[in-house]
Amino acid sequence: MTALRAILTRALMTAITLFGVAVIVFVVIRVAPGDPIAMMLPPGASDDDIAHLRALYGLDKSIVQQFFIWLGNVLQGDFGTSISIRQPVSRIVLNRLPATLELSLLAMTIAVLFGGALAFFATRFRETPAETGVDIINGIALSVPDFLWGLALILLLGVAWPVFEISGRISPSLDPQFSTQFYLLESILRLRLDVTLDLLDHMLMPALALALPLAAVIAQLLKVSLKETMNQDYVMLARTKGFSESHVISHDAFRNALLPTLTLTGIQLTFLIGGTVIIERLFSYEGLGNLAIDAVINRDLPLIQGIVLLFAILFVGINLAVDLLYTVLNPRLRHG
Amino acid sequence: MSPDKATARSYLDIDDLSIVLKHQPTHRLLRSVGLHVMPGEVRGLVGESGAGKSMIGKTIFDILPRAVEIVEGSVRLGDDELLKLPQSARRKVIARTSALIPQDPLTALNPVRRIEPQITDRLTRILGVSKSDARERARALLDEVHIRDPESVLRNYPHQLSGGMRQRVLIAAAFAAEPKLIVADEPTTALDVTVQKQILKLIAEMQARHGTALLFVTHDLGVVAKICQNVSVLYGGKIVEDTEVKSLFARPTHAYTQALIAATPRYDRPDESLVPVPAAVIEATQHEIAAADDAWLGARQAGGRR
Amino acid sequence: MSEHARHRRPVSWRLILSGSWLAIVIICAVFAPYIAPHDPLAQDLLLERLPPFWVSGAEPGYYLGTDGLGRDVLSRIIYGARIALTVAFVAATAACLIGSTMGLVAGYFRGWLDQIVSRIVDIWMSFPPVLFSILLVAVIGTGLHSVIIAITAIDWIRFCRVVRAETLVQTRMDYIDSARAAGFSRLNILVREVFPNALPTIVALLSLEMGIAVIVEAILSFVNLSISTDDPTWGGMIAEGRTIIHFAWWVLVFPLIALFLTVLAFSQFGEGLRDRFDPVLR
């Protein structure tokens, strides 16, 4: 009963949040000065032409009417038609989303591996200079945002010592003729490893820029949590069984330490995805974020609305997923 | 079995063990402790809280806190002098030969791991036993510690078991590798009174069946009287009495031991009134310890000057 | 704090280093006309893309080289500090004031007011902040004011969350009731009790927020939405440097270093202050 209530409350909150997001997006864009219609027409268009277009995009109705028409369409999966690209927003957005998802997932994987390794290392050599070193690296990685890491990486690994590509998603000479937009996944499944390598060549730097701050957060939280766990009785008992310190950390302490880290990592993951907006711009990576900035610059209202809503849904979904994962990983909750 | 039998050789030998706080190296937590356990012997290690009982157990298992330091002494398990071995080799020796029954079964099992690997991991990962053999062994052990339906308990998580069940699991895990020595660190203090008796009986039963040497750490002389053959009494980090249990109760030699016996409730004589340990006895014992400390410090300084 | 504890407290290199750098940036910003060797807007196509002084081909007086329009990089960085710091101080202070007030109100009145504030915070957290700020500036128009308004409008929730949590803790304390019985106004007591407790966190957050504001301004300049393109901003310089990175790396590197150190200094300064003043750590 209480569980059901909790779920219902949670669902209600989520709905309110998403509705609020929709309202804000709509209102913010409607108060924007400048007439998007004017930008679509050649100079010297007649008043009739303008009125015709306004009616076509529903701009002749009242704001409240427009909002509910728009919301009704959105709920049916119709996000309207892009003004600048003149295609359905849903199609454009879904076409670009895979690129951003692949980049985010790659970044998250790097962050988890880096952060986990750092935390492990700092715990294994706790109370030595090695731990202090990890703390300093963490402190710097934490206080410098992804945008600056991206620029630093471009300079280091793109220009000074050119290892990776600094712009785009795939080399123009390669035309893989893929049937989905999940290039990385599809190239692996089709064993087109030349394409995979080319994609990674383009993705590694933006992914690294996104991953560094998150890796530092993970490392710091996990380290604190691990150090606490290392004093637990069951860890002591594992030591008496003859296991090495490294084994004790990885097998007996890690999962327990992971739980408190996980909830906070969820919020951090949304920060990472939010970061793709500017990082994609920086690396000219053809994902959703880059598209969003183009849409803002072109005042493409339907497209902006669609993208921002999609981000919001993604964020809310991630928070839900993290909650679920927490339950799965914690046997006490599962059997409670 | 008596400790002074000329032919017998003890399995655990702790000699002259002194442990200090790292940042206060003149203050000893253990004061030249000597402790010997023969193969198959059940020895009680008695002392009030803070006497250093757990410190001895932690020394044997190489899990001392970082804040303390062994300054002298030796710990021998079988043929291996532990303090002379590098850490990895030391832990191997300990894993092969000894096991710990911990104090609090609620915190000594890893909450996110199932029971089976917590019993068998030493067998499969350190001693190279196959997984199926280890599972078979775990099932048999759970049978031995009188757990019904071992099959499903092996699949459970700790929070699904009661405190008594968990302590049984930990006892089974301790006997898993047929160790030569088991240290039981106050294994009943965290349990209900009714469960305490069962667990005590179980430990004695398992010890008798496997012939393992058992060092039973406790603050309760009554428990010692029940299951131990010999006993060492610890006060202020110093062994003040080392004798057979029978003679301990009949003829305690140290004043502190005498007072401790008087302060212990006797199951066989429940009506006898209890006398707390008199302040004079404690003061005398502390004087004795202070004198020993002075002598020790003097000797070390002399040694350092040489 | 005992004498003993005071003696043990080491000199905070973190505070000294970050404070020194911030002092340099502030001095540059305030005295830019006296320090900068050139007019930051002066273009000279004969002097375009000059390298910094230690590279061959450098022109004396243009220490860090010139950009694609022949403008002096060093002078533009020095003038750029003005805009960066203006945004940092004004936007962060405004966000702090608004957020703290909202947090205090939500935590103090609780009930439906708290519900509303909490939902607003949830909604705000569902937007990617960078996209949100780009959107806002695009809507209200470019310029220094818009940048400051956008940053304030987005980042007040950081302060709101901290102050709300602290207020909720404090209002549950018994002394609030007893002080009220003694005739004191609850709000008065709350302000007197909540702020000293939340202050170390707020100060650290304020300093951190200044760094964030500098970055957001740079990002907005980078996508060409901040101040007019001619005005020297670090982000604008970086945007130009990014496009000519293979021909004139210095146009990107030097403003990037300035930005990097300033952001790092703000966050470390905040952390250092918190360590120094946190009553729990002390």
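We just call them A, B and C in the order they show up, numbering each chain from 1.
Please note the rule applied: a contact is a pair of C-beta atoms (placed from the backbone, for glycine too) under 8 Å apart; a residue touches a chain by one contact, two chains touch by 3 or more.
Just so it is clear, the structure is predicted and the values come from calculations on it, not from any experiment.
Visitor: Which neighbours does subunit A have in common with subunit C?
Guide: Of all the chains present, none is in contact with both subunit A and subunit C.
Visitor: Could you find the chain whose CA centre sits the greatest distance from that of subunit C?
Guide: B
Visitor: Please compute the C-alpha centroid of subunit A, do the same for subunit C, then give the distance between them in whole Å.
Guide: 24
Visitor: Indicate the whole-number Å distance between the mean C-alpha point of subunit A and the mean C-alpha point of subunit B.
Guide: 53
Visitor: Just the number, please: Cα centre separation of subunit B and subunit C in whole Å.
Guide: Those two chain centres are 59 Å apart.
Visitor: Where does subunit A touch two or more other chains at once, residue-wise?
Guide: In subunit A, nothing touches at least two other chains.
Visitor: Give the list of subunit A residues in touch with subunit C in this complex.
Guide: Going through subunit A, the ones touching subunit C are 13, 16-18, 20-21, 24, 28-29, 31-33, 139-140, 142-145, 147-148, 151-152, 154-155, 158-160, 166, 267, 270, 273-278, 281-282, 289, 292-293, 296-297, 299, 304, 307-308, 311-312, 315-316.
Visitor: Using the touch definition from the top, list the residues of subunit C that touch subunit A in their complex.
Guide: Counting only subunit C, the residues touching subunit A are 119-120, 122-123, 125-132, 134-136, 138-139, 141, 208, 211-212, 215, 218-219, 222-225, 238, 242, 245-246, 249, 252-253, 256, 259-260, 263-264, 267-268, 271.
Visitor: Name, in rising order, each residue of subunit B that touches subunit A in their complex.
Guide: Those in contact with subunit A are residues 61-63, 66, 88, 91-92, 94-96, 98-100, 102-104, 107-113, 121-122, 125-126, 157, 159-160, 170.
Visitor: Using the touch definition from the top, list the residues of subunit A that touch subunit B in their complex.
Guide: 127, 232-234, 236-244, 247, 251-252, 255-256, 259, 329-332, 335
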